[in-house]
Amino acid sequence: MGAAVLSADEHEGQAASDSWLPSLMTETPREGFALAVKLSQKGVATTQTDAEVRKELRPEYAADPNSLIAISHVIATHFQTVAAANDYWRE
Amino acid sequence: MGAAVLSADEHEGQAASDSWLPSLMTETPREGFALAVKLSQKGVATTQTDAEVRKELRPEYAADPNSLIAISHVIATHFQTVAAANDYWRE
Amino acid sequence: MGAAVLSADEHEGQAASDSWLPSLMTETPREGFALAVKLSQKGVATTQTDAEVRKELRPEYAADPNSLIAISHVIATHFQTVAAANDYWRE
Amino acid sequence: MGAAVLSADEHEGQAASDSWLPSLMTETPREGFALAVKLSQKGVATTQTDAEVRKELRPEYAADPNSLIAISHVIATHFQTVAAANDYWRE
Amino acid sequence: MGAAVLSADEHEGQAASDSWLPSLMTETPREGFALAVKLSQKGVATTQTDAEVRKELRPEYAADPNSLIAISHVIATHFQTVAAANDYWRE
Amino acid sequence: MGAAVLSADEHEGQAASDSWLPSLMTETPREGFALAVKLSQKGVATTQTDAEVRKELRPEYAADPNSLIAISHVIATHFQTVAAANDYWRE
């Protein structure tokens, strides 16, 4: 099982509440990376809100190296933000 | 219902006033993310000001994984700005 | 009427003076966003200096979602600079 | 032997633990660059979790200059984060 | 006349001296933008060192909106660096 | 002679030592730019470690404006890092 960038839960995508992003603070770099992945997914889900459509697109991008690289770039951009927010988890 | 990156309201797109972007400050990270989405939409609406055209383009990009990923990248870039403006919503 | 990214005024594009960019400081976030749009246009006009050619290209990119998204990304990058220059218009 | 951006170990890709990213701190710039490469790989592995699929895609992107350049861009983005985290390894 | 991103002078492109980039400091934002354009050109000239080839490629990218937008993005990235170096030309 | 982004020396690409990146500090902006070019090349060489393959790809990307622009973007991203590391070579 893995995290599909285009498959954030639809209910969450429509939620007006802050439940999916209560804070940018995380305990560890690893959790910060997971948050960056989540933010990337939300960026997609905000535009394509139909979870069914996102699911159907998955085989296409998951087998396309350039799509995967582009997704990795988005994650990297969000990770910059999360890492800065956490002062890079310096001791 | 969802937010279409290419479908910001036309009236707003042409507004000279500051009504659509009074401040970069938001109460929560979640509102900051929503603002990043809005800024991404405005970047598109500034170039393609015809809301009807933007609406017609929607089926095209909403079903194209690479377009969705690219949109997510723009949102990520604006979210960096909004998060920094809010000092990452640190306590 | 809208701002065409590829259609900055030719005279300006060739101007050696500082008239088109006297400062990065703006009164409001909205004006800062407008400046980011202007900077994006100038980046194009610096390469394609013929305003007539830029005008001819317009129908092409204005109807292409991926071009519009790419333009929005350039604006986002410049907005980072302008927002930082203005210390995010914090009170 | 080389590091394949699309071929991070599957077991690692699914690990919930912090074992693969204990810290952003490295002893040297060279190690920081290696970490940036690893982060880029993880961004891909998070989406395409099947190591076998990633392996199959390799010949495609490894021979495509534009894919290689795009990968280099992702690494550059992560290297910004890692370098900042380490205060640029200044003495 | 305009600045061709792919047509930095060949002699300069091969120069080992610091003559083409003595400093990131500029008097004005406008000069800073011009430096960003120059840096973008150098990035290209470092890879394609043959000025004749760069000149031949010009009609291709100068009439391609997506190429022009991509060039504008590179300039925006360098302008971030130059603007930060000059502390945004604040008074 | 010029620097081929895809042709970093194979021996270097496989080196585990810090010899190719002892520091991000440079004497001048010009040397910093050269380091940014080197980092861009390393990002490619980390993925495509076969110098022979990289050499074969060269004619393809060196004659493709969009590839050249993309390379320039990667260099710009690394130059941001190197420039910040050197505090922009301010006096």
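Going by the order they are written in, the chains are A, B, C, D, E and F; count residues from 1 in each one.
Basically, a residue touches a chain if its C-beta (ideal position, glycine included) is under 8 Å from a C-beta of that chain, and two chains touch if they have at least 3 such contacts.
These numbers were taken from a predicted model, which means no experiment stands behind them.
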item: Partner chains shared by chain A and chain B (touch criterion as defined above); value: none
item: Most distant chain from chain A, judged by the mean position of its C-alpha atoms; value: E
item: Proportion of interface numbers common to chain E and chain F (over half same, under half different); value: different
item: Rounded Å distance, chain A centre to chain F centre (Cα mean); value: 29
item: Gap in Å, rounded to a whole number, between the CA centres of chain C and chain B; value: 17
item: Chain C residues counted as touching two or more neighbouring chains; value: 5, 61, 66, 70-71, 73, 77, 80, 84
item: Chain contact graph, described as a line, ring, star, complete graph or other shape; value: ring
item: Order in which chains appear around the ring, chain C first, chain E after it; value: C, E, F, D, A, B
item: Residue numbers on chain B that touch chain A, as the complex places them; value: 1-5, 28-31, 33, 37, 61-63, 65-66, 68-73, 75-77, 79-80, 83-84, 88-90
item: Sites on chain E touched by chain F in the complex; value: 5-6, 13-14, 17-18, 20-25, 39-40, 42-44, 46-50, 53, 57, 60-61, 64, 66-67, 70-71, 73-74, 77-78, 80-81, 84-85
